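Chain nomenclature is as follows: A, B and C, assigned in order of appearance, with residue numbering initiated at 1 for each chain independently.
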Amino acid sequence: MPFINSRVSVPMTEQQKEALKQQLGEAISIIPGKSEQWLMLEFADNCDLYFQGDNTLPAAFVEIKVFGSIPTDSLDKMTKTICGIYEECLQIKKDRIYVKYEESCKWGWNGSNF
Amino acid sequence: MPFINSRVSVPMTEQQKEALKQQLGEAISIIPGKSEQWLMLEFADNCDLYFQGDNTLPAAFVEIKVFGSIPTDSLDKMTKTICGIYEECLQIKKDRIYVKYEESCKWGWNGSNF
Amino acid sequence: MPFINSRVSVPMTEQQKEALKQQLGEAISIIPGKSEQWLMLEFADNCDLYFQGDNTLPAAFVEIKVFGSIPTDSLDKMTKTICGIYEECLQIKKDRIYVKYEESCKWGWNGSNF
């Protein structure tokens, strides 16, 4: 039950979405117990993002919401991997990418809660 | 002070929005102390959502943000009701709907905080 | 590492975005340790927002996500300032504006975590 809310300032082609989808589906398993089998993604492109007062350079805000908690020792690998994916697929520099995590123990699916 | 952030992959007609608005306005009172009187809704349709690696089938991510905490015993009814509403109004299968809750004790309105 | 997710029901001109960007960049320093130097903003206009069952009057949902925690005594000034900015720049009445805060201790940038 992870959800990745992906908001980027650049346009995305269908090919880029497909590549991102595949790579995020692999990356999610860095967090113990998570897999693409339960992963939902939202891609929003052409977002109106400012970073450090500037909206002319590409930027990304990637929010990773998970059911339960994320072990600290998987965070470093996860953030490194996510930044690498966005930099490679969309040419957004890592120093203009935030990766924020949210942990929730109240999460439902298919009419009942985990 | 609840906020329901509703993101669906399908298009929504004005009639569907109206029906959803009305039903969500009733459903929110399942959570003790909450009512449509304080409810804000955002509807986003045609979202680029993938679930289990697939973006061809309808899916929804419904995020319910509330001031304060949600009693566990109201969660089951809430998730069941929300999934039922989205399945009925938008023909999105319950097993492609996530309902995620977020509790916050820092929430402002009208220039000051609750 | 704050992120302000700004969702309004009204259209925004480039001038209004610029004014908001500048004023939010100043306002963020009300929270100790935060500055525009680390601030990311997302502006979404023409959002489909309902408040109290109504979508005909302008409304706004402003979500302020920060790394770490926000001292309670800075919250009042922050909410008052944010509501004032949106009312002045976009003519949205304060009593149709929610300002919600989210604190996270898991936040990455540039490939590693804070």
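To be clear about the criterion, a contact is a pair of C-beta atoms (placed from the backbone, for glycine too) under 8 Å apart; a residue touches a chain by one contact, two chains touch by 3 or more.
Every value quoted in this text rests on a predicted model; they were computed, and no experiment measured them.
Chain contacts here are complete: no pair of chains fails to touch. Seen as a C-alpha superposition, subunit A sits on subunit C after a turn of 120°, to the nearest 5.
Measuring from the averaged C-alpha position of subunit B to that of subunit C gives a distance of 21 Å. Taken residue by residue, subunit C touches two or more other chains at 102, whereas all remaining positions touch fewer. Listing the residues of subunit C that touch subunit A in their complex gives 1, 3, 17, 21-22, 25, 36-44, 65, 102, 104, 106-113. In the complex of the two chains, the subunit C residues touching subunit B come out as 7, 47-53, 55, 59, 61, 70, 75-76, 78-80, 82-84, 94-95, 97-103.
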